[in-house]
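Given below, in the form of structure tokens, are the structures.
Paired with subunit B in one complex and with subunit C in the other, subunit A is shared by the two complexes that follow.
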Partner chain A sequence: MATQPASRWQVRDDFSYHPRHHWCREQADGVLMGVTDYTQERAGDILYVSLPVPGETVRAGEPMGSIESGKWVGQLYAPVSGVVVAVNERVAADPRLLNRDPYEAGWIAVIRPDAAGSLDALWDADRYRAALEEMAEDL
Partner chain B sequence: MTPWRLLDPGPLPAWRQMALDSVVIRARADNRVPDTLRFMEFEPHTALVGYHQAVDLEINRQICDELGVEINRRITGGGAIYMDARQLGWEMCLGQDNAALPRDPDAVYRTLSRVVVETLAAFGIAARFRPVNDVEVAGRKISGTGGVEWGDALIYQGTLLVDFDVETMLRVLRLAIEKLTDKEVLSFQQRIVTMAELLGAAPAMTVVKAEVVRAVQKVLEVTVYPESLTTEEEADWLRVQDSFRQPDWIDRRVARLAGYDVKTAQVKAPGGLLRAQAAVDADAGRIRKVFLTGDFFVYPERAPLDLEASLKDCPLEAAAVHERVAAHYAEGYRYLGVSVDDWFRVIVQAAGLDGKGESDGHHQSGPRDRSH
Partner chain C sequence: MNAPPPIYLAGGVDWMTTQTLYHGLAERGEEAVVLCWPTSPYVSLGCHEPYEDFRSGSGLAVMRRQVGGSLVYLDQRQVFYHVILSLARPGGPRSPEGWYRLALGPVVHYLRDLGWQAELRLPADILVDGLKISGNAGGQLGESIVVVGNLLLDFSPQEMAEARALPHPAMRSLFAESMGRHLTTLRARRPDISGQEVMRGLAAAFREDWGSKTAPIPWSRWREALAQAARKLTDPEWLLATRAGAGLGPVKVREGVYLQAVRRPDGLWIAEIDTGRSAVLRAWRTTPGLSEVLVDDEKAAWLLTPAGG
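After this line comes the complex of A and B, so read on.
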């Protein structure tokens, strides 16, 4: 029996999701990405954020930065392979933006993908909701 | 029972220890090695910042240079620590699918801290978990911990104060207590405790290690066997270790501030005098540490130390301070003639929040990556 309803975590219908709880969305200059509501809620009060550097090459599923809360360092994972073209300096200055607004003001980076269709391998919102449901059973 | 390997490489300089952490967690994440218990001893003595901290905010470089204390950066989170041959570092590097681990991160800390509690119990020491992730004896910290995840693996690591050179620690770490009186320095020293103090003499490190192994086996229901690094890990370690003694690693986060802003305040409550000292990181909008003393009655006596722990890294906002003090009182501590509002007043004064209202929540940056 689920002790934590998955519906407590907001999931945006129009975003794609990486299994490590990152969201992304295509825009003109690349793939905008950030962490999901699940990530910020499970982390709690986020104290530090370390961002990748613009121009850095990242690989899908590999760490590209980090966050810290409660003496625990978690990784930020690249949802797609490519080159980082922009990072959100506001979250470095105020990491609580990730707690307050993970899907908008708390965006992490824009990645220019290596190849077209790089979001095809990611989950849609329904698939991500289903994954959260499965996890909620264990919490 | 699930087999774990034990790595006990003996005393090493910090840069080699930190490099080994990075090698072992990657090997575990790739499923190339089993779950691992590892001991860490430091030679020469060293000051370690947490992964996201800036050295210059936490450590006195000049004193380290004079005393031959190496400086390095952990891959795990948490605060700066001083390590010499009298403390035992321990860590568990586990797959995130480990059946013994709860899925809730808070519960992971609580579960794994039972290993330290069980170890100390073997010496007749009654310890307990203190949130977020310390182990304490009658309110005095004896083990601090931190962690990191990497892909499908995690490291949960900590220290065990077998014995401790408090004087050197106070000189090496910038603990924001320069302005304290001798009495208050003594009070600060009372916030930590060692096995040597509790037992009358420090137990042999080999005995402590054996008890940690026994505790891991009992608490987590695994079998631990001595092992060496794999050939691949040895090669990786040799390849990466030099990078862990370079400024790119040690100073990968830099401070925009010369230091934390340290303020002191005192308030007369009906039950006695309250004093608070706060180290404020205005750049990041956080109260990094508070130090609470005074003349008042409370049961249990460790209550102010628990309040200090709950205020660590509190947002620099009056409402956040009030919320944490109120939550502390809700735990059932019994102060005589000292109310939530009394502690609230002295802490917000020390933090410079009185009369200024709440912070707007928008600040300049805290410690930053060097390349930014």
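After this line comes the complex of A and C, so read on.
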């Protein structure tokens, strides 16, 4: 079976990545996070998104919300442990924003981490690209 | 497929158990193929669907599942299959489409063994001769992948339409009539077929395709997980979730065919839309004091625009 090049999915150099295909970026009020281009492309048209509530405590690697496309419900995972301080209401109102612009306008939440260095355990862009290469061979 | 999941022939069970089985097994991380049907009718709401879609006046029991799709009316004239697999299964699919193809392959196989032209219509309907005979949904629950669906032995479009809240009484009869044209059932083709026979046929297809074997049901091992799932699926905070803008969204008839209602100063417009062909199949306009007017496709083409014209 022909494999598909991993380069079909955009990976931003300046972001950190969780193995479950979420991106993160540190900013003044916490860790901004969203889903990667891979997630949105594999999901197809995203019709619904369920976001955490600001003030909610989330734990790294555990579900904090969900997305639905084509009658399929996928999980949104917290990439770091901490407290949700903001969510993107535009995504709640227009879930397809996740398809159109997953790395900018389609951000999902800001999490104030409960420990310093919380991004250290995440992958850099090169490691994430390598993981996508491996997966692309199976597609 | 490595280490095939066991097949459990549950048969007729109470309505809530037909839902807690797959939620509970996913929570436990147990792989399985469960075949069953409810002994009484009920309504299942989709994970993200507004509660307002349910017509509480129908008097039906209701729960909200954790997988996708929209409101469905379920009863003892349908045979359910629940496929629960580990997300980490070696060589497992990496997309919803892949999981649907894997899990529903044996169901399509069974229908073809009956001599019918069955096909999977992505994302998740199974059609026979172009008519829907099975609806499905799926998702990730914990570390498990779940694909669930039903085969229609018999189906009453009127009962389904009665369970759905709709913006105008006229839409209820249109919805029932539209389902009648786009759906079919096993008994429409084989009047003598029974639920037991379908269950055995599905089990044989999963055995042939995956190498699965039938196993006795470990009810005592599952009891606590099923009870916990029942509490979660009917918890008011979960069940009664609403959504802004509920009420005028498209109502699905089958994959690619929807009824869409739009309110305008000249009345409530209702269209049957084929999204695959971007065509209005039929349209109606309700006007106070006048009977419903059937409008030809050309005049109702504005209903295809996202904002409804």
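We take it that the second predicted complex is superposed on the first by the 137 of 139 C-alpha atoms of A that agree within 3 Å, B and C clash if a C-alpha of one lies under 4 Å from a C-alpha of the other, contacts with A are read in each partner's own complex, and residues count from 1 in each chain.
In this section, a contact is a pair of C-beta atoms (placed from the backbone, for glycine too) under 8 Å apart; a residue touches a chain by one contact, two chains touch by 3 or more.
Note that the structure is predicted; figures quoted are calculated from it, not measured.
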Touched partner set for A:Val73, first subunit B, second subunit C, both or neither: both
Touched partner set for A:Val53, first subunit B, second subunit C, both or neither: first
Subunit A residues touched by each partner, larger count belonging to subunit B or subunit C: B
First, second, both or neither for A:Arg96, with subunit B first and subunit C second: first
Touched partner set for A:Met135, first subunit B, second subunit C, both or neither: both
Interface residues of subunit A shared between complexes with subunit B and subunit C: 42-43, 47-48, 50, 66, 68-75, 93, 135, 138-139
For the subunit A and subunit C complex, residues of the former touching the latter: 42-44, 47-48, 50, 66, 68-75, 93, 135, 138-139
Subunit A contact footprint on subunit B (complex, rising order): 50-52, 75-79, 103-106, 109, 132-133, 145-151, 253, 284-286, 313, 315, 361-369, 371-372
In the complex, subunit A residues that touch subunit B: 42-43, 45, 47-48, 50-51, 53, 63, 66, 68-75, 89, 92-94, 96, 135, 138-139
Subunit A-touching residues of subunit C, taken from the complex the two chains share: 46-48, 66-69, 91, 94-97, 99-100, 122-124, 136-140, 244
